[in-house]
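The two complexes that follow have chain A in common; it is paired with chain B in the first and with chain C in the second.
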Partner chain A sequence: MSRQLIYKSLMVIIIGTITFIGGLQLFHHRHFQIPMVAGPGVTQVKKLSDYAPGLKGTMADTNVFFLEGSEPGGKMMIIANTHSNEPAALLSALIFLENSTVEKGTLIIIPQFNNSGGRNTQPGDGYPLYFEIKTPWGYKKFRMGNRIASPLDQWPDPDVYVHYPDRQMLSYLDIRNTNRTWPGRPKGALMEKLTYAAMELIREEDVDLAIDIHGAETMFPVTNCIVAPEKSLRIATMTSLTLKATEGFDNHVEPSPEGFRGLSHREIGDFSDALPFLLEAPLPFLDQPTGPKTVDLLLEGKDPFLLKLSKKGKLFVPYDEQGWPMSKRVGQHCSAVLEIAKQFSRRNSDQAIKISNVPRYADVVKNGVGFYYKDPSKSDKENVFYN
Partner chain B sequence: MTIIMIIYYLISAYLLAMLIWNFIQEDKRADKMLQYILIMIPLILRILRAN
Partner chain C sequence: MRKNKIKSMVSFLFLFGLLFMMTGGFNHSQELPKAQLPVLTTSAGQSPDVTTLNIVCEEAGILYDYCDVPDVDMISQGVGLGGQESQSGFHVEINTDLEKYPEGTDYQTIMFAIGASLKGMGASGLTVDDEVNRLKNIIEYCKENDIFIIGIHVGGVSKRGAPGSDNERMISAVAPYADLLIVTKDSNKDGRFTEISNNNEIPLKEIEYALNLVPLLKDIFD
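Coming up: the complex of A and B.
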């Protein structure tokens, strides 16, 4: 065997081994399952593909939990993990899923809306693959996902993403962003099929309120707020004012821009009778001028660079040495969702939605997020669900 | 699978074949050999549909 052939073979073996070791971590991350314990209020579990068969058998299909009250009333839907790198959404949705009971009306929860994005990562930004939440029974492990769906599930990207049906031209990456592909279409790209399925669910089930939970940079003006189109503005404003007066945290209202297409807070309202809302809580992890993207930064939101910027008045939220911990973000989301349901019920008594056993902002800040999670190993196996 | 996706798979296969050919033909420069292997990785993973 020539020397050159040995040299080339060695090169292939070394590079192949390094690729295999690195790839194995990503493979495990993609296939890691997060157990979700259906609480006492869950009455039905469906798949999103039940509303649009095009999703069946794909990584975009996801669980839909129904919590139906004994009395008929309105219907509220919570969408979490539209952007899977904004984990306060999933953590809030799980609190509702594992604890709430519905007395009147129906609560529909999609905890992992962009399931493909939740199995993707941003290695170039040094994202951690997992994070853990402390609970009374140990640590609950979660995958840290990405903003957009995995190219393993939707490929190739176009040069320019042309939104359907408005034909607005958007960034090529946004064709994998499930907050740019609403209202979707049944034979489009996979993420368009996903948002189309959610629209079908909203229309078929006559959903009254659709709440999409997110997180945003502290340097981005649309943060710590409720984004609402014209038809939802009154409820959003009353929610914001009430939360400030009774629970002491800011959550201002941002109008949904009519000319920016593909967003849930715009298209859900335009293509169904539902009132859409998008909740944003500050997420320092997403800001660009921070230190390393560690699990601590994700969970505690403390960063020395952001602190300096805050002192110079460059942030859009109050920021001090305490950072912006996960419990504050999740607590805000819990209170905002409950308050939106309450404000809607006040105006529509025949369509009221009454939810109990969900902690509010002060409870989550005091007890921590993990306090409200059930131990899947000690729960009835029939009640433990995986996506 | 859409027609565009099929075309992209064919392009990937063509590029991979060219890279393998160049890697085999290269007999002097180690940096070029290494470069060919590294560029091959995403194309191989895509064609094998490893996920």
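Coming up: the complex of A and C.
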């Protein structure tokens, strides 16, 4: 055997081993299941494919939880993990799912909207594959996902993504971004089918309020805010003013631009009767000039480079040594969702939505996020759901 | 005896002067003047704070007309703004009670939401200089026609800036000429509005949160 052949064989073995080890980790990540305990308020669990059969059997299909009150009223939908690398959304939705009781109206929760994105990662950015949240019964483990759906589920990407129906030209990657593919279409790319199914749900169920939960960089102006189109502006503004006055945190209102298509806060309102809102909480992990993308950075939001930038006035949110911990972000989302429901109910008493047993900002900051999660191993099996 | 009287008088005057200075002059922060309807809301700087002001007015039950970039000609045509209609970069809302104040009734009050937004000015096709000039003309018209001016700044620190910055220029264009200033505490952290109030004898009301505008405006327009 020649020396060259030995060298080549050795290289193949090394590359094969690295690929296998790396691939195995990604395989486990893609198939890791997050148990979700349906709380006392859950009355029905459906699949999103029930509203658009094109999703059935695909990785884009996802659970939809219904929490129906004893009294009829309005309907509010929470969409989480549109971007699966903004996990405060999923953590907030889980608090609602596992704790809420609905007295009036209906709450609809999609905790893992972009299920495919939740099973994807950004190895080039050094994303951690998992993170854990401390609970009174141990640690609850979550997958850390990606902003866009996995290429394993939707491929190939076009050179330019042409949005349907407006034909606006967007980045090629945005065809896998479920906050650029609204309102979707039944026979489009998989992520267009996903948003189309959600639109069908909103229309068929006569959803009044659709809240899409996100996180955004501290160096991006559209952060720590509620994005709302004209039709939702009044409720968004009153929510923002009330939260500042009663709970002490800022959550300013950003108008949804009419000319930027494909976003939930624009298309849901234009293609249904629902009032859309998009919540953004600061997420230092997503900022570019940070140290390593560690789990600590994800959960605590502390970074020395951002601190320096803050002192130079380069950030759009207040930032100090305390960072932006997950509890603050999740607490803000919980309070903002509850306040939107309250402001809507004030103006539409016959369509009121009354939700109880959900903590507000101060409670989540005090007790931590994990305090509100139930132990799946001690819950009835029929109440534990996996996507 | 006389000496004592003089001493007491001097002490009294000293204490009175001290109290006078501490309270910021003629009770500017406490005695609020009343405003009359019909009212026009508008922006000084085209920031979204004018939306907050409009929504607060609705919450307070105050029926108003709104235009983001009115000029003197439109304002002089009174309620209804001469039939102006919204178009790209120009927004009008006519909410005034037309039974009480028919179209053409002179505005008694104009409320300015102060705060600069380059995005907002750009959308209306205005430069910062255009906006300042527009505001100067409106203020001049208001003064000539006894229209009550309320300057409102609720944008907090994000709508303040270094001297000469866009936000500060909007404040300079409106605040010193207002008949009443209403600002949130964080908008007045550096005391600029207090200084303007003291220098120009303008009543100033500081509020903790923008939401406090609801009862305050109810009271002012009572």
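Note that the second predicted complex is superposed on the first by the 377 of 387 C-alpha atoms of A that agree within 3 Å, B and C clash if a C-alpha of one lies under 4 Å from a C-alpha of the other, contacts with A are read in each partner's own complex, and residues count from 1 in each chain.
One rule holds in what follows: contacts are C-beta pairs under 8 Å (C-beta built on N, C-alpha and C of every residue); 3 or more make two chains touch, one makes a residue touch a chain.
No experiment lies behind these values; they were computed from the predicted model shown.
When the two structures are aligned on the shared chain, A:V253 is found in touch with chain C, with no touch to chain B.
In the superposition on chain A, contact is made by A:K244 with chain C only, not with chain B. Within the superposed three-chain model, A:Q4 lies in touch with chain B and out of touch with chain C [touch as defined at top]. By the touch criterion defined above, A:L233 reaches chain C but does not reach chain B.
Contact with neither chain B nor chain C is seen for A:I21 once the two complexes are overlaid on the shared chain. Under the contact criterion defined above, no residue of chain A touches both chain B in one complex and chain C in the other. For chain A in complex with chain B, the touching residues are 4, 7-8, 11-12, 15, 19, 23, 27, 30, 150, 152-153, 155-156. Residue ranges on chain A touching chain C, taken from their complex, read 233-234, 237-238, 241-242, 244-245, 252-255.
Taken together, the chain B residues at the contact with chain A in this complex read 4-5, 8, 23, 27, 30, 33-34, 37-38, 41, 45-46, 50-51. Taken together, the chain C residues at the contact with chain A in this complex read 48, 51-52, 55-56, 58-59, 158, 208-212.
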